[in-house]
Amino acid sequence: MSAPVKVAVVGASGYSGAELLRLLLRHPNAELVAVTSRSLAGKALSKQFPRFRGVGVADSLTFTAPDAADLKEAGAEIAFLALPHGVSAEYAIPLLKLGLKVIDLSADFRLRSPVLYEEFYGHAHPAPELLNEAVYALPEVRGDAIQAARLIACPGCYPTSILLPLIPLLKAGLLAEAPISVSSMSGATGAGRKESIPLLFCEVQNSVRSYSVPSHRHLSEIGQELALAAGRDEVKLTFVPHLVPTYAGICTTTFAQLKPGATVADVRTALHAAYDHQPFVRLLGENQSPDTKNVTGTNFIDIGWAFDARAGQLILMSTEDNIGKGASGQAVQNMNLICGFEPTAGLLNI
Amino acid sequence: MSAPVKVAVVGASGYSGAELLRLLLRHPNAELVAVTSRSLAGKALSKQFPRFRGVGVADSLTFTAPDAADLKEAGAEIAFLALPHGVSAEYAIPLLKLGLKVIDLSADFRLRSPVLYEEFYGHAHPAPELLNEAVYALPEVRGDAIQAARLIACPGCYPTSILLPLIPLLKAGLLAEAPISVSSMSGATGAGRKESIPLLFCEVQNSVRSYSVPSHRHLSEIGQELALAAGRDEVKLTFVPHLVPTYAGICTTTFAQLKPGATVADVRTALHAAYDHQPFVRLLGENQSPDTKNVTGTNFIDIGWAFDARAGQLILMSTEDNIGKGASGQAVQNMNLICGFEPTAGLLNI
Amino acid sequence: MSAPVKVAVVGASGYSGAELLRLLLRHPNAELVAVTSRSLAGKALSKQFPRFRGVGVADSLTFTAPDAADLKEAGAEIAFLALPHGVSAEYAIPLLKLGLKVIDLSADFRLRSPVLYEEFYGHAHPAPELLNEAVYALPEVRGDAIQAARLIACPGCYPTSILLPLIPLLKAGLLAEAPISVSSMSGATGAGRKESIPLLFCEVQNSVRSYSVPSHRHLSEIGQELALAAGRDEVKLTFVPHLVPTYAGICTTTFAQLKPGATVADVRTALHAAYDHQPFVRLLGENQSPDTKNVTGTNFIDIGWAFDARAGQLILMSTEDNIGKGASGQAVQNMNLICGFEPTAGLLNI
Amino acid sequence: MSAPVKVAVVGASGYSGAELLRLLLRHPNAELVAVTSRSLAGKALSKQFPRFRGVGVADSLTFTAPDAADLKEAGAEIAFLALPHGVSAEYAIPLLKLGLKVIDLSADFRLRSPVLYEEFYGHAHPAPELLNEAVYALPEVRGDAIQAARLIACPGCYPTSILLPLIPLLKAGLLAEAPISVSSMSGATGAGRKESIPLLFCEVQNSVRSYSVPSHRHLSEIGQELALAAGRDEVKLTFVPHLVPTYAGICTTTFAQLKPGATVADVRTALHAAYDHQPFVRLLGENQSPDTKNVTGTNFIDIGWAFDARAGQLILMSTEDNIGKGASGQAVQNMNLICGFEPTAGLLNI
């Protein structure tokens, strides 16, 4: 077996960061050589995350302040950025210059257009020159480009659950141009680990609520990728996310109209053609509802579909772990691709 | 103050039945004179429901086997039926004959058409001659008919949350004929109180999942009422319910297309015209998401709306308690109407 | 019926404050004339608490900055203080001077000894001259004193659940002097409504943990009251609280040793003698475990007991709502006593 | 690396069985060759447990009816029994005769005394001749005996959490003879996967309640092992378990009295001496509360302790996963010992 790749995690105090550490601490081909966090500098990993105590380097590795040169000196070949939107870009630049590959979990490099970025994120893009180079890294869609990339933009959690069922259907030309409607439900890790009264246990446990209606930021990357898949200027889509009282897991239900002549059998064919050889996409079949409890803690996305003959509408149903396949699992899946590891390495724990 | 109305509850072992008892035990104008349950006969109310111990007649009233003549003899003027679908009808007939008014919480009298009933419920309707007399009892829509009725069909939980936002818009002719898409999330009381592995705590608490896709039974009454409101033969609608890990509460998100020329301002106007004088409909305004935690345990339905200008779609958002406004609260609201009580009597606890 | 008492709530942004508002908005004998909160001044009650929208004065009453003269001018006869420990005392003084009665939910007036207060709360008591006047207001234990008081110290949530089962046994001389051990589990409202990462949904929902071991502040008032009941200088007691993932509810399990000669029948007799005529104490019997779900949202405390013959130990089990009987419900119960209202007025909702 | 051991799981429809499969499907040194369940015979593993779809043999292996000869023929060298109490014994006998080693997760072989078994389990022991041979398999306490055993009795979930903190203290003679009090809280997987109304989501999610007071069956094995550790005929202990609304995890709080002269420093020394070289016991230190969320899904037990100087009592606090270290994780840990594998093989996933 070849030597493991040396990796660093920049900004690991949140839920995606912790999930990334969880996966990397036990990855058979990766060695975690540095973890940074301005606020936690000097603290051992397992002091911050008592769950990791006694596992791998969790007791011996301490957080350091983030500094590109230090990461290079620690031997890191790949840096994962688990930072807030707008912050990632400034860390990516020096790391790339020093020759590291960068796998970014934020939204900073997901859009091709700096104009669209500014519209949805409210400020000018800090490194527009990198947008063309970055790869919007859905491994099942863009595997070749990922293998060759040095700057990886991991898709958002909602977008992953929405795009994977829709892209094969749009590529196959099965959907009409009527607006698509998407209702997603996410566990609370999706809202982040921050001091916030609306995210308290007592505010969430008895609550189901939509939010960011009608313009969640993820609409921008969803629209970009759907248009690319459809070969059209635009694919109209309405997206309503909901917060539900679970730790993790996204359940997405999508309503779309088939083109005249297209059938649910065509849907089945297109999905199987796209995903039968993909280890992390599990196609459940017609009228089969996926369940978040079967995917949380994993890198799987489960997909079912149904046709409502009365109303003439297609229903797509997908579940994934928002911090797994929707974030950190997918980031590790991308690392496996970049490094030529077994695609499932470190990702089959259930 | 006039004498209280004497009421009986037939079949009170489930969650809707318990909620009904909770409301009736404390209702200022109702006297609970009988509670029936074949399996619980002889047991005191508060023995079965320890939460009610020490409150009103809960310690003194015991369950009896269900018998129409006994209820009549106990003085009951109104009987609430909290029975499974298909069973209610056979109990309603003798009660009506004996002169009681019947408020049924099951689906047995919700449909006008025995053919549609058979299609969705899988067996011939046991009392088709009563279908024309029964009133589909949304108090905000059909108040006059309810006051005059002796057989009340309380709407289903999902239908209530879907119909109340849509009916004023269809009546006002604001919606295009494109299929409407509805995604609803319900707490687990909606699935009933029965021995069932999929409803165990360990199967639900970490789970978000759709079910009954694509043909939930509630589609039948939703379709009937929307067509009536629209004055059309049919209103196309796709409905996907989800089970989420809360005790109670429904959150419904509806996607629809406005007719050319109609605006979100018209939506606002139509909703306010319909509900400004209704004590249990709370209109939250544009881009305001309702939250189930504000309505559970109450008889309120909260409604918000938004217009997605990019995709050109209207979004309606509503929350209610599935066993409150979606079942037992609404049943008591109907009783208040029938008896001429204050509309909010016994229903403003928060 | 006599005129309702006019009440004010000082500091109502937390969970106990909201529960107090919930009870007072619907109390048949109370009129809520003022609600204060420095941070919420100018906001309508129902804007802050959307659950209350459309109920009583919730839409018309707005928060004001806390000022004793203003409360007096608004006509308030009783002021409830739902403030942090250490802050209540300074508000109590001017209110008492203006002739209002004060019902304090904080710990500020629970201890007789300013020395003990300083030991447990870390600062000198701000109004030690009031400590002798204040009544530690367990209505079932000290009803007469409460009726005559103008300064009420509502007991803590844990202490209420611990004291009510133990006091009759200590008074009857049934317990040995061996240390008593208490394990309590509380829902998360007990920890308050504050921006705090350890109280986030994602940190609580999958977590059971003890805290403040071995010296929770509530030990001070528990010790004071047990010693009084026993007529001894000291009653030794070890107390370990746990945070469990529920919104509300305390479950307390107490281990004690009977005096030689005392039996579990004596325990039963003492408890029944103390509480048979108390409307909010429900004695479940021997080997009967109470359940928090039967008391949340109510003012009841449910008590069971058992004798472990193998180990020779008595087990006491009690459940209550930490913000109900453990805080705001008890505060309203005290108001009913002070005002001579029906003891259960406004408190029998289930 | 040596060939993997071939294992079978008998009775895998419950939560412990599923956890066992989860661990064995990914164990680097084990090959799952058979899984039995009378009710599921013929069904693929991943059909019953959709979470396992696409992982290892989960899609290819099907349940078979339980038959000792079949398991032998399938090549199984070790059989795990995840069966109800009373059923395991009859399966163990033929398996042992055929030369398999048996790791039993039930209570059938935990007690040395058939009399005690009958007292607590209500029927005569089905194979009393095996009781002396079976090893009560706490790996940290009885490692040598486990390595040599062919019949392993895995300890109960509560007992593991209670015994591991207490045994070193009893062995070191640090505890007085006063009765020990134990309060444990368990997640709902501990109650099993069975059709039961009290275990429904709606009955558990808002509930904290004790049960089986005062004589839970686990008292028998706890008493046996404590007496052995103390070298006394009996160690008095009162045990109260509680059901709390989590999927998994046990939090145990133990109250004990130190012998005159013994100190909390002695406690620390004894615990470190016993566990510093044990990979799955994590000692958190004095006044440190463990949290179930750090151990669920793992094989770790976290232990903290405190001394309440006021009452003169020692507090021990421990957390583990009831189906991990408390059942299936410990079973695999025992397999590792028996087979001479790395002690942590397959057990360090976090």
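So that you can tell them apart, the chains are marked A, B, C and D in the order they are listed, and the count of residues begins at 1 in each.
Just so it is clear, a contact is a pair of C-beta atoms (placed from the backbone, for glycine too) under 8 Å apart; a residue touches a chain by one contact, two chains touch by 3 or more.
Since the structure is predicted, the reported quantities are computational estimates derived from the model, not experimental observations.
Asks: Using the touch rule from the top, work out which pair, B-C or A-B, shares more C-beta pairs.
Replies: Between A-B and B-C, contacts are more numerous in A-B.
Asks: So which chain is the furthest away from subunit C, centre to centre on CA atoms?
Replies: A
Asks: If you list every residue number at the subunit A and subunit D contact, are more than half found on both copies (same) or fewer than half (different)?
Replies: On the two sides of the subunit D and subunit A interface, the residue numbers are mostly the same, over half being shared.
Asks: Using mean CA coordinates as chain centres, what's the subunit A-subunit C distance in Å?
Replies: 46
Asks: Let me have the rounded angstrom distance from the C-alpha centre of subunit B over to the C-alpha centre of subunit C, please.
Replies: 37
Asks: Which integer distance in Å separates the CA centroid of subunit A from that of subunit B?
Replies: Once rounded, the distance between the two centres reads 39 Å.
Asks: Identify all positions of subunit A at which a residue touches two or more other chains, and write them in rising order.
Replies: Those would be 203, 205-206, 245-247, 291, 293.
Asks: Could you please specify the touching residues of subunit B with respect to subunit D in the complex?
Replies: Result: residues 15, 187-189, 193-197, 199-206, 245-247 of subunit B touch subunit D.
Asks: Inside the complex, what are the residues of subunit C that reach subunit D?
Replies: 178-181, 183, 185, 187, 203, 205-211, 213-215, 219, 223, 236-238, 240, 242, 244-247, 249, 251, 253, 255, 257, 287, 289-293, 296, 304, 306-313, 315, 317, 319
Asks: Spell out the part of subunit A that touches subunit D in their complex, as residue ranges.
Replies: On the subunit A side, the touching residues are 22, 25-26, 50-56, 279-280, 282, 284, 291, 293-295, 297-298, 300, 302, 348-350.
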